[in-house]
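First the structure, in the form of structure tokens, and then the observations on it.
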Amino acid sequence: MTLEVGVLGYRFMGKAHANALARLPMFFSDAPDVERKVLVGRDEEALSEAADQLGFAETATDWREVVDDVDVFYNLGPNHVHAEPSIAALEAGTPVFCEKPLAPTLEEAAEMAEAAREAGVPNGCAFNYRFVPAIRYAKRLIDDGEIGEIRHVRGRYLQDWLVDPEAPWAWRLDEEMAGSGVLGDLGAHTVDLVRFLVGGDEHAGEIERLSGHLQTFVDERPVEGEDSETRPVTVDDAYSAQLEFANGAMGTLEATRYATGHKNDHTIEIQGSEGSLRFSLERLNELEVLRRGENRGYETILVTDEDDPYVDHWWPPGHVIGWEHTFVHENYELLSAVANDGTFEPSFEDGLAAQRILAAVEDSDERGEWVDLG
Amino acid sequence: MTLEVGVLGYRFMGKAHANALARLPMFFSDAPDVERKVLVGRDEEALSEAADQLGFAETATDWREVVDDVDVFYNLGPNHVHAEPSIAALEAGTPVFCEKPLAPTLEEAAEMAEAAREAGVPNGCAFNYRFVPAIRYAKRLIDDGEIGEIRHVRGRYLQDWLVDPEAPWAWRLDEEMAGSGVLGDLGAHTVDLVRFLVGGDEHAGEIERLSGHLQTFVDERPVEGEDSETRPVTVDDAYSAQLEFANGAMGTLEATRYATGHKNDHTIEIQGSEGSLRFSLERLNELEVLRRGENRGYETILVTDEDDPYVDHWWPPGHVIGWEHTFVHENYELLSAVANDGTFEPSFEDGLAAQRILAAVEDSDERGEWVDLG
Amino acid sequence: MTLEVGVLGYRFMGKAHANALARLPMFFSDAPDVERKVLVGRDEEALSEAADQLGFAETATDWREVVDDVDVFYNLGPNHVHAEPSIAALEAGTPVFCEKPLAPTLEEAAEMAEAAREAGVPNGCAFNYRFVPAIRYAKRLIDDGEIGEIRHVRGRYLQDWLVDPEAPWAWRLDEEMAGSGVLGDLGAHTVDLVRFLVGGDEHAGEIERLSGHLQTFVDERPVEGEDSETRPVTVDDAYSAQLEFANGAMGTLEATRYATGHKNDHTIEIQGSEGSLRFSLERLNELEVLRRGENRGYETILVTDEDDPYVDHWWPPGHVIGWEHTFVHENYELLSAVANDGTFEPSFEDGLAAQRILAAVEDSDERGEWVDLG
Amino acid sequence: MTLEVGVLGYRFMGKAHANALARLPMFFSDAPDVERKVLVGRDEEALSEAADQLGFAETATDWREVVDDVDVFYNLGPNHVHAEPSIAALEAGTPVFCEKPLAPTLEEAAEMAEAAREAGVPNGCAFNYRFVPAIRYAKRLIDDGEIGEIRHVRGRYLQDWLVDPEAPWAWRLDEEMAGSGVLGDLGAHTVDLVRFLVGGDEHAGEIERLSGHLQTFVDERPVEGEDSETRPVTVDDAYSAQLEFANGAMGTLEATRYATGHKNDHTIEIQGSEGSLRFSLERLNELEVLRRGENRGYETILVTDEDDPYVDHWWPPGHVIGWEHTFVHENYELLSAVANDGTFEPSFEDGLAAQRILAAVEDSDERGEWVDLG
């Protein structure tokens, strides 16, 4: 059996997933066979060109014709088109994979998760950083108790593409179009990683309460090509949050588009009673590990050994992989779940859980006080 | 003229300052002459031994006899003996140098600052990290506009000496005796560095509001040598804070005694519209600097060149200095101010300003909401 | 026109190149169309399985039937089958790409280079590290004079898979089968990178003389599965060399399979009168750069910006690539040369030049004295 | 009893040792009492000023009057005045401490070592890097077998003060006055560290043979203040060496004054069958350690714990020390040996052993072939 895949969206994420699908046969021999069946978009010319480049057999301009005609539906469109097509696909019994954040509003995210629950088919939210081998290895260490009781979690996602106040206005800076700013775009990834790594009841548990802070540094920006015209920036440029977990552990989160010199710098630090971990996306093949009793300082581990997560599919030890490989692993797990009627994580439920936390950050920022979750 | 110095306290800090005083003549030829005149303490035997080791001519068990009999009074005692002797010295017209945090309560700190103001003599609060050459160099870059408008500040102070839940109870864990936990002990340093580096009106300005969080992970600890007896831990094990500065910049602060593997890891990160800086106390000879336009990544600068702050007094480029050298620089500045009727910074006023911020962190934590300063 | 490619060899390198060929259409739209036509090997069953996995249309057990029947011939077999098939292909006018080192002996390498010269078709030697964006960027800096006159070059390639004296004997440890040990396997890469980066006459120029040192640490090793039987190790476990370049610059080279903890650690350091560079394969997205006058310390540059070499074909800034991407770049350049009757570098001539240096290292080691090249 | 110390030389090294002597009482309570008795030099005015600053009771312009009048004689003068005063002191039965390299020629070094042997009093050669806590800790690991059989040793000492071809001529560049260039100045330190760490018979053993290479990049340099006058550079600007140890281990050594951006970058790397070590003088509080079986990557250890070598004399964990502290440790060991009729290492014998290796490097460079030692 060959799984037919329909994909809405053909830009950055479309390419990342098309590439992942194309690479499965050579490297994951037990992955289901996949056909890149149909690519969905609105601009027919661009769409047709993209289908050629990305290896899709057909194109469609109306997702309605696609969602019940494929074996899996990938919704990689912008935020505001996440809910309707995803729900329609689920109602048609089609497994769905959707970009993050799940939806522009908590309400829509809840509806999507509800639809996924009712459909009972595999569904996934695109938190690809769960599929970095070093992150998987970190998770293994935490699950094995090597880090002990979690005390501290820190997550930061730093970019710098808005650092110049004269950088032009873009649709991502408009609340209507983008839903939110850095919080949904970058914060969603961090929140999911934190939940994945320490969220289990046997670790730090759920985030019980938090205090959030949003900031917009530059209120309006010039419109490109339009002399002296500006448009307002209506989303957050940066956010921070303090967390308290069920077990009493503390967390701090942060993201910004104003971290001069940082291109895509997503870092996670965890400290527990038995050990500590550090990870940075810009050195994604590495994990820094410290175990009390065994180590006096952090070990810089190259997570490229044969028995490291997913690594046996690739190259010998020390031959590093890149950012795009996380998509291959993610697609492998998703399609395997689809083929075997299994389940996939992170699911819509995980997407909703992350969204609840993001919403609480906004809520807390508005109210100027800590907010309880759950 | 030789300045006679009286010092209350002869343990860790007493030794650090006695060493600094002893080293001035060889390395700072323009420093005033200093006599380590009298060492003050309660335990006569230990005191006498310490005076021998640390090079003091006399000892005294009552600070009252000392404060108006010396040219400078160093109050290096525990928190709860900061206020009374310091104020007495100031009232006697004697310049005073006092350990941080300035006092166990905001009220006492305010009284001390008031006494300093009225006395009109040099006074100092022991924030020695202002005297790290790399920090001074960072300040120079910020003042010269090389970092541009400040957007983000992060300060963390990580230690791990309480990570073992069976580590014994100590007086530092008792609120009566210690005043506060990690907030006053480590947080005070971070808050002062942040104020020093970005607090000027032309930079980020004052901290306008903040959200604080305190946590005690282990509520009681065994009493050493007493089978199965425990005592309660009544201070904070860790704190975090979110800051908003006058210019809109965001800050996050954190300190803990539960960061497994981190011994004395004090880090500061700053990002502005024109550049970024990173500093770590464990590599105190280095500063990481990134200037937009000039750099694509952080430069790891060894701040040991002849024209770097204080470095011409020491060794050739690349010959690194240590933690203790910050005390030499601090004492040099303080004693120069005393000898020349100048002023010294960080002063009691700076100590009070830091304390206000620490108090606001506690206040915010209790109220569960953001707190305005000023 | 579609280029038909025939590939001899289907293990590690076969997979790396098949993957590269498969990825070209999606990421290098101006690359020629390619068909993975025929895979060549001896074990029919394994070959057929590999052809399926790697996407080849046909298989062949005799390279003679292939070399004049394809548009490009890739010789990815072991050392001792480099010469004959490569020369046959060239004599048939077929462009050839051959694994490194070019041949087990200098004589064969010279014959191959001669055949390439006579054939006048594109030919390449598999020094894939020339195609790391950070290395290309380093080359650009050197060519632009940013490093000034070259003074020092250091190249090291450290692995550790033989560190255990009880690790079993393998064919790679036999001179007959492997040609040489670490010198040809790892040293060839380093020598080529050094030539590529500083070998131009306007830089350090050719290596004029060198002193070499070979060592075998463990003389015999157990045969796997055979109780108490051992076989002799007849190749070098490690080598080092001192170089003198035409312009007087000094170089040191080294490689080993006994560097405990180092998996695939290939590093290059260059110092010139105007600047310095450092590169490590384990962090292949980074280049450390220091420019006298502009920098006080090394900048750690993430070479993932849009205008960095090859990066515009991949992902946005900060989204790192992996080891395998070097093969995509290499194949892109090679096939473009084939399609456009252009030339490709590194060529067989470059392979021969590297081999001359490796041979001189062996020669010098035997004679115990410096050896002149050229 | 108080040891009276006479010191010849009052510049860089004079200050480093005077400081060390001054600090002993406060930090090494079991060190013998010391009096900085007499400072020896030729320029009376500068000498008198230096004696004031460095805390010496008297001055003398003729070392002959001093060598038998003190309890220890420190010869910190330039190379060409090492032999005569040191031998005179030893013949007078006075313990001697002498700067490195021991002498300008191997012959003189041998005479000095012979004099030391006959005198039978403590004698020392100023290889202060043996007294870095992290180096001591490395030695402990090697002695405990944690690194296993030594396979590879690398030592590099990089500076950059000659990188500008227009930097003025200085006496250090004249063979008559300086003896040698970088080889004696920097190489001596590296050679001693290598001998200290792995030279024992139970480790790599003695260096049995080596290949050396010297280079002078800039042959003449302008005379400061003299228009268009230049003087020849008659010493080496850089050296490299390949080593073979008794146990078959390989070594590479290197030093230069042309490593743009490196101020005082002395690094040692060691790889053995059970583990690996890395040290850098610019981060002298750290040691990178990897133990096969226990570690997957290098641990970055801060060697500042109470049970680390010498650290209990200083500050709590994480409070880093500087370059100058190595002199305190060195003086402590030397003076303890003098007071207790013990022995001190590194001795004149060690100085001679290092010199033999340096001479072999020169010899090998001249002959263009490997040279046997011993």
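As written, the chains take the letters A, B, C and D, and residue 1 is the first residue of each chain.
Here is the rule we use: a contact is a pair of C-beta atoms (placed from the backbone, for glycine too) under 8 Å apart; a residue touches a chain by one contact, two chains touch by 3 or more.
Every value quoted in this text rests on a predicted model; they were computed, and no experiment measured them.
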{"item": "Per Cα centroids, the chain farthest from subunit A", "value": "D"}
{"item": "Type of subunit B:subunit C copy interface by residue overlap (half), same or different", "value": "same"}
{"item": "Comparison of A-D and C-D by number of C-beta pairs in contact, larger one", "value": "C-D"}
{"item": "Distance between chain centroids, defined by C-alpha means - subunit C, subunit D (Å)", "value": "41"}
{"item": "Whole-Å gap separating subunit A and subunit D, where each centre is the average of the chain's CA atoms", "value": "55"}
{"item": "Subunit B, residues touching no fewer than two other chains", "value": "262, 290, 295-298, 302, 305"}
{"item": "Residues of subunit A touching subunit D in the complex", "value": "286, 289-290, 294-302, 305"}
{"item": "Residue numbers on subunit C that touch subunit D, as the complex places them", "value": "148, 151-152, 154, 158, 163-165, 211, 213, 215, 217, 238, 240-242, 244, 248, 250, 252, 254, 256, 258-262, 271-276, 290, 292, 295-298, 367-370"}
{"item": "Complex contact set, residues of subunit D against subunit B", "value": "12, 15-16, 18-19, 22-23, 25-27, 29, 53-55, 159, 262-265, 281-285, 302, 304-305, 314-325"}
